[in-house]
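Presented sequentially are two complexes of chain A, the first with chain B as partner and the second with chain C.
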Partner chain A sequence: MTTLSGPQLLGAARDRVEGPLKVAGRAPYPNDLSYPGMLHAVAVGSTIGAGRISGIDASAAESAPGVISVLTHLNAGPLRRAPVTPLGVSPPAPLQDDVIHHYGQHVAVVVAQTFEEATEAATLVHVSYTHEEAILDLDDPRAERRTNPWGRDAQRGDVAQGLAAADIVVDRTYLTRDNTNNPMGPLTTVARWEDGVLLINNSTQWATLEHTSVAAAFDLPLEAVNISAPYVGGGFGAGLRVWPHVVLTALASRTTGRPVKLVLTRPQMFTACGHRPKGKQRLLLGATSDGMLTAIDHEALTATAMDDDNFEPTATVSAAAYACPNASTRDQQARLNIPVPNSMRGPGAATGNYALECAVDELAVELGMDPLELRLRNDATTHPQLGLPWSSRAMRECLLHGAELFGWSRRTPEARSMRDGDMLVGYGLAAVGYPWFRARCAARATVRQDGTAYVCSAGTEIGNGAYTVFVQLSAELLGLDVERVTFGLGDSSMPAAPQTGGSGLTSSVGSAVHEACRRLVGDVLALVAEDPDSPLYGCSPEDVEVGEGGLRRRGDPTRWESYAGILGRGGLSELTATGESTPAKPQELGMAPAGAFGAKYVEVQVDPDLGRLRVARAVSVIDGGRILNEKMAESQIIGGTVGGIGMGLLEEAVSDAGTGRVANATLGDYIVPVNADVPDMQVAFVGVPDPANPIGTKGIGEIGLVGIAPAIANAVYHATGRRIRSLPITLDMLL
Partner chain B sequence: MAFGVSSPTDQQVSQAEFTLRVNGEEYAVRVDTRATLLDVLRDRLGLTGTKKGCDQGACGACTVHVDGKRVLSCLTLAAQCQDRRVTTIEGVGDGASPHPLQSAFLQHDGFQCGYCTPGQIMSALALLNEGRAGSADEIREYMSGNICRCGAYQNIVSAIQQVAGDRGAAL
Partner chain C sequence: MIVVQPFEYVRAGAVAEAIGEAGAVGSAAYLAGGTTQLDLMKDGVLRPSRLIDITRLPLGGIEHHEDRLVVGSLTTMEELAADSVVGRRLPFVREALLRSASVQLRNMATIGGNLLQRTRCRYFRDRTVATCNKRAPGSGCGAITGAHRTSAVLGTSPSCIATHASDLAVTLISLDATVHVIGAEGSRAVPLTGFYRVPGEDPSVENDLRPGELITAIEVPLLPPEARSHYLKVRDRASYEFALASAAVAVTMRGTRIEAARVALGGVATVPWRAVEAEAVLTGAEASVALFRTAAHAAVAGADPRPQNAFKVELAQRTLMRSLRSVTGVSS
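This part shows the complex of A and B:
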């Protein structure tokens, strides 16, 4: 890996602090947990796409060996629907009526002594239905359309005038398919009630939300619910909502009076915990003959479920992407009889950027201009929509450094002009500006008399490296060796944190940790500042800095005292401080807080006879602000790149006409990238620590994926001369 | 092995009683004959290091060794494993210190969420023993039965190459 910047940009590439547990198989994921007397629950899904339940015969299931209970809408009792979340409405409360909105909707839950018995009995629940015609197609005129669903449509200048003033206009439509998150860890809930308190171990990316939502569903006070998720087997968005199975497991535990574990089966992972919904986008770009954009018009239509408003702002990404005086972006949703969609790594951004960056490439072809040059000419040096300077933006460096690492100058412009042996070679590029996100967050920091520290916040580790980077950050802010710091995550009893999502966790939790540690240092100093025996006597907070496990006077390292010494003299075993941080609004900051920027360069090789298509190389150059741990950050980007290869070439959930049943709901039939699909990927970080938050980070959990699919599509065009305007691009399209 | 009587009329579930040998330990078990090796390891023996990813033989998360060869424990009935030698991730390394491959996964960051990791490591150990770690491409091919949705493949290959190289140097 290479970098353009100095050590202050890149944090130490430490190994994962929880890594030894994970390589030994000792990290406890939710489905690893068992409790005495625990029962196993298996959900039963509807086999129609729309209609009503006309009858349920559970008698065979109820009398099957080992079965303790069968829950249906006839006996579940009332449950409240959880309140609206920052990402939209909560999924409907389960088993509340006889209405079927989609194939696979939970219609019953079987609870038995063993997993085998519950699985067997689940096949014995006989459900009869009254069928209705399912609405499944985006263009179905019966589908309710929601316009501007998230209030994020953007408008500036006059697009019609901009198009009229253009020498070249491209007008293109792009299609994307249903993709599924499918983390390797099947979503699991283990619920138990102890002394009136509902204790849940869960696969979640948002323990704080899960806490309030479950409490609302069961009408319990917050102190009567606890959510624990110290380890989660991936998420990619699947853990961002409080799914019906979570509520059902808690209900099953309350009904039976015993702990209950429910693990979604892999096929259920396609219908019960969200997906990236299919969509259709139209892009109009106008430009003068010298490649200056005169208009951007982007409209997007994505699918949502009948009783949902999935957050998927897609066209929105075009509003701030390029310096163009005239722009209009408009999102719409169509309500269909499909499972509730959900955020999947780069929600909205991945699909919106795909259409935009393909259209930019098409414009470059029409202009006869290098697509890199076209992007450089239209670089948005200020935020085009807000009119404010960016908090930081190294888009240009991303593009230029990426071109150098990739060898873009070797590209010959004509399609089908490059070969490697018999293989057609194509080079493709996409630029990415990832939307900024940060949310209010709290953290708690404790130093102990033994010279160790414990810091915590209710964020979650899902493979993002959260434990590791927050240990490193806390150690730095307290002046301790990393070995002396432990970080706690994933428990709703910890200070409230936002989701591991929107690429916002590091900046949100990190800013709260910054504040908690600042307060803690102040509180420690207060113990000795008036003590004449202390080397820190008379110091104010501005006079001291942290280091070597304690505090010292700035400019005089001999005047130092350890935390252990200070606490010991004060007779304290430990000292704790809580901090909270809320992001300022752009107008208050006087700048537009920037998300990460990136440039994605991809080489594809295509067999001209067979259409066989492979990604041969990928280079990602990322401006992620300050990078807390180079190793974790590089893993985020290469992992995202793998996801992007899936989106670009492999992933499509295929639904049956008529019912919407996912016909390929297994990991053998829904194709995800495996080791042999993935080339060597190069990652570099550029830019500066971002001034919009106290720790300088931006957030890089999603930008690794975004831009890969359009870079592939553009490379496929360059290799073959075939412009494929839908994903995934498969070999049959190239024959 | 002893099997219980199975009769469709009284719906009694057929049970098997036998000894499982896992990581050098012997376990006397009586289990549902439908129980997979994976579920018995996890639910009965408490050896939860082996993971259930798909329960359909498509993802590799449940990979263990039976008589030294890698198998998918979700597609293997526990009752088939009498008198066979089962090794799981809990049997890798010597307790006090990790196996060099585990250290290499840590050093090369060959995982993120960690859920597929025990299966990846069990596959990689077998691959090394099979002599199929001769090149990066060979490793990619023979590790393609183990899905990593976090996308750590490149680092998994590096980790395996390091151990393969160290073994080669030691010969």
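This part shows the complex of A and C:
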């Protein structure tokens, strides 16, 4: 039985189901929660970049008004480091020793009656240090290098031979800077212990991981921990790990015997919950004079922390990007005295694609070829690394449809050849193939006698539209009106789900929902299939389809019975089924499961005297497989485009030499686009439902950002003739 | 963030009362719009033991005279920007106001407070940084060896390179505005050109105000009706951002000859920077791009750039040249 209503590409553009709650301020974000007797915790950060704590004098803080407790490594007691996760090791357990690995590292937590008292007392914790020299530069020879950190380095053919056979070789190095996730909602943890059970409300993108990690940190059985995160104030990846402050809040609650809330301050959001790490990438591309790639060699070096890891596969993106017989991609990390980086929207992909797509543009210039034509000629019609057909790929359609929407044919090839009044005009393009990701996931579906349904899974809504698309999907799979379906997310008591990350949530949860609903429909049918009074008597699952709040026999709409009727006659108030879905391996599928594809077209305008640079237009054409909700999907791409403009033109967390202190750790100083920086943005979807999963979707949470920065950089070259090989591109570089 | 340190709050009903309250304790501060004061208190940079709320004092409103305005110090930025005489006779003042901050902030921020706003330098504003001569005299300057892309290149000293952030003050200093203040020892008038202090050895002293003195009004001469003026602000993002460089220019022309010129720079100096050398080059000369270039050179004479902000010397000149081309209409 397939319960999809049809291979429609675009789902209804419904408004957010939780929209009214959010705009009315009634969505319970963790920052808004309060419990009787709740205390407030404020973390104290290290003011050196490397060394040891030689002494802590907390006496002034402890005797300050309202202070209940000051936790340091001297009194925190042992905590376990949580086990390895699918994204690598867990953060080190906090306050376990005197070693300082980075500026801003939590060295104490002050717990007081009020937030103001805790904040004030936090300034009274006097920490003395033994300084060591902090290692802060990627190129510092003292920095330990991790090679092939994720086992994803790729190799095919013979790159040296490919380069030797090339008519043209470009060899370029690109630099990217530290960027910060900084969702609007500062990360917040509220912890309380009730009858030996640790209850946590938290800003997380991964309730299931937090559940197991917190249990491990406190050596508790899983049933003694609950994580609740029904609403999270954005993430961009910041909520993908179980951060030390989460553990510290739970510890503070255990120590004081009262509920405790900890809200990271805005400056702490720059050091305590990850960031996109700076990197240096070298690209070699070889091509014949007619524009056929002969070699791709991509080497990436990114920053990581001393005592922690992060997942940032960067060069990897080049392995499957183009049809080219010879390719080698290699990732390296340098261990530095910095706060640990972490996935930020499009981790690895955003930066890796930036370098690749700039290099492709540079190759096009060297070849004297239209960069669109160069990309079309090297389109990877099969997966170049796996040698399998793609589950779906509309890259060519993205490029061609985008060119048409954008008016690429108006582009004159010469740099500095286009103007609008006094402004230099440049057109730039980047192609994107976003890495596929999907993980094992479970969901639970319930129909009730009143004709409503409740479906849930422990995935999280971070503003991405998850509630809305899962309500739509469940309604479709059960044949109910969307108004009759509610969806639960973000609680660890729900069936386990992977992270809201890697652009994999919708396909993962959606596939599990598909399975849960399939089972539920089967269970409902089983109640009546042997009942001669039922119009569905004698039906097998293959004979029925869902619709109008019940089941009907295919081809005979008169033989229909509602869920309410079926459950009522069976004397059941509700019926529940659980489903789980695991992605098949490519070899089993006989095809390479594809992530989303996209083409990004950008027009920039540059003031030739003042270097002022603005993005005037951006067109994104995306193959995201089946789009469950056109409005949510378009919003994802628009939001990603704005993030990409920030990455391209504005965003850089600047740090001090010597300490690594982030010197612009406020949203007044770390600048992101404002409305005046955001141009007209056009989004279109192409492609077909993807056959690699039962619901036909591909992840689109990150592809909106990826490709914008290189399209800008390429447009800046076209406008000015200046090739800027670092981000962000600021006006001083164009003077 | 929340104001953390306990402080006394006093709402003054009269100017004399405000001054009296200010003199009664050592670390009192006046509170007007609060858009700088409260931020800095929340960050623990300013820790006054007493805040004297002056927002109820009769210091608002704009007096219109034939040749000048007298702007009450509590006039908000939006109110001044909306003034029709400002729009007609001081258009670059209006431009400077409307390119500052956001409308929400401009509805709160006062003109007196704008003149006294503190630098955005993060070494000043982050109290976890040990070195800042402005915040902790004698402790050193973190910006000189640290992140200083946005720091000043003019009016600096080895003790401080913090940029003055005001746009409005750049135009007002070019107009020879006068600050009226009142204190325990009476009232006085200070020309804005003599109001600000470059950092020298003690960057904690930023202006000529004596302890407890209160700005009551700013007297702003009007430009001649035939004058043309322009405030050009160049910044990293398109809005809601401080200047990397700005130029306030007002000229009176006879044909292509510049009869009178007023020039000031913002975003590049430790104080609103009146460019008298540039004015001297321009005054009485035939407008030309070559002349503008000479004037721009003169405006940045003595600049002391550092590696990350060296571009500002060039950017300031280009900004000024563009502004001059714009007001004179001469582009060759």
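The rule is simple: the second predicted complex is superposed on the first by the 728 of 735 C-alpha atoms of A that agree within 3 Å, B and C clash if a C-alpha of one lies under 4 Å from a C-alpha of the other, contacts with A are read in each partner's own complex, and residues count from 1 in each chain.
FYI, a contact is a pair of C-beta atoms (placed from the backbone, for glycine too) under 8 Å apart; a residue touches a chain by one contact, two chains touch by 3 or more.
This one's a predicted model, so the numbers in the text were calculated from it and none came from an experiment.
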With the two complexes superposed on chain A, say which partner A:612 touches: chain B (first), chain C (second), both, or neither. second
Is A:222 contacted by the first partner chain B, the second partner chain C, both or neither? neither
First (chain B), second (chain C), both or neither touched by A:116: both
I'd like to know which partner A:231 touches here: chain B for first, chain C for second, both or neither. first
Based on the superposed arrangement, let me know which partner A:675 touches: chain B (first), chain C (second), both, or neither? both
If touched residues of chain A are counted for chain B and for chain C, the larger one: B
Taking the superposition as given, does A:265 touch the first partner, chain B, the second, chain C, both, or neither? both
When the two structures are overlaid on chain A, which partner does A:663 contact: first (chain B), second (chain C), both, or neither? second
Where does A:164 make contact in the superposed view: on chain B (first), on chain C (second), on both, or on neither? neither
Overlap of chain B and chain C contacts on chain A, residues 115-116, 120, 265-266, 666, 668, 673-677
Of all residues in chain C, those that touch chain A in their complex: 1-5, 44, 120, 122-123, 125-130, 142, 145-147, 149, 234, 236-241, 244, 311, 314-315, 318-319, 321-322
Provide the residue numbers of chain A that touch chain B in the complex, in ascending order. 15-16, 18-29, 31-32, 34, 63-66, 114-117, 120, 182-186, 231-236, 263, 265-266, 462-465, 631-632, 634-636, 638-643, 666-668, 672-678, 680-681
Contacting residues of chain B [partner chain A, same complex]: 11-13, 32, 34-35, 39, 42-43, 46, 48-59, 61, 88-90, 92-93, 98, 102-103, 105-107, 109, 111-118, 121, 139-141, 143-157
Seen from chain A, its contact residues with chain C in the complex are 45, 47, 115-116, 119-120, 123, 265-267, 609-612, 614, 649-650, 654-658, 661, 663-666, 668-669, 671, 673-677, 730-732, 735
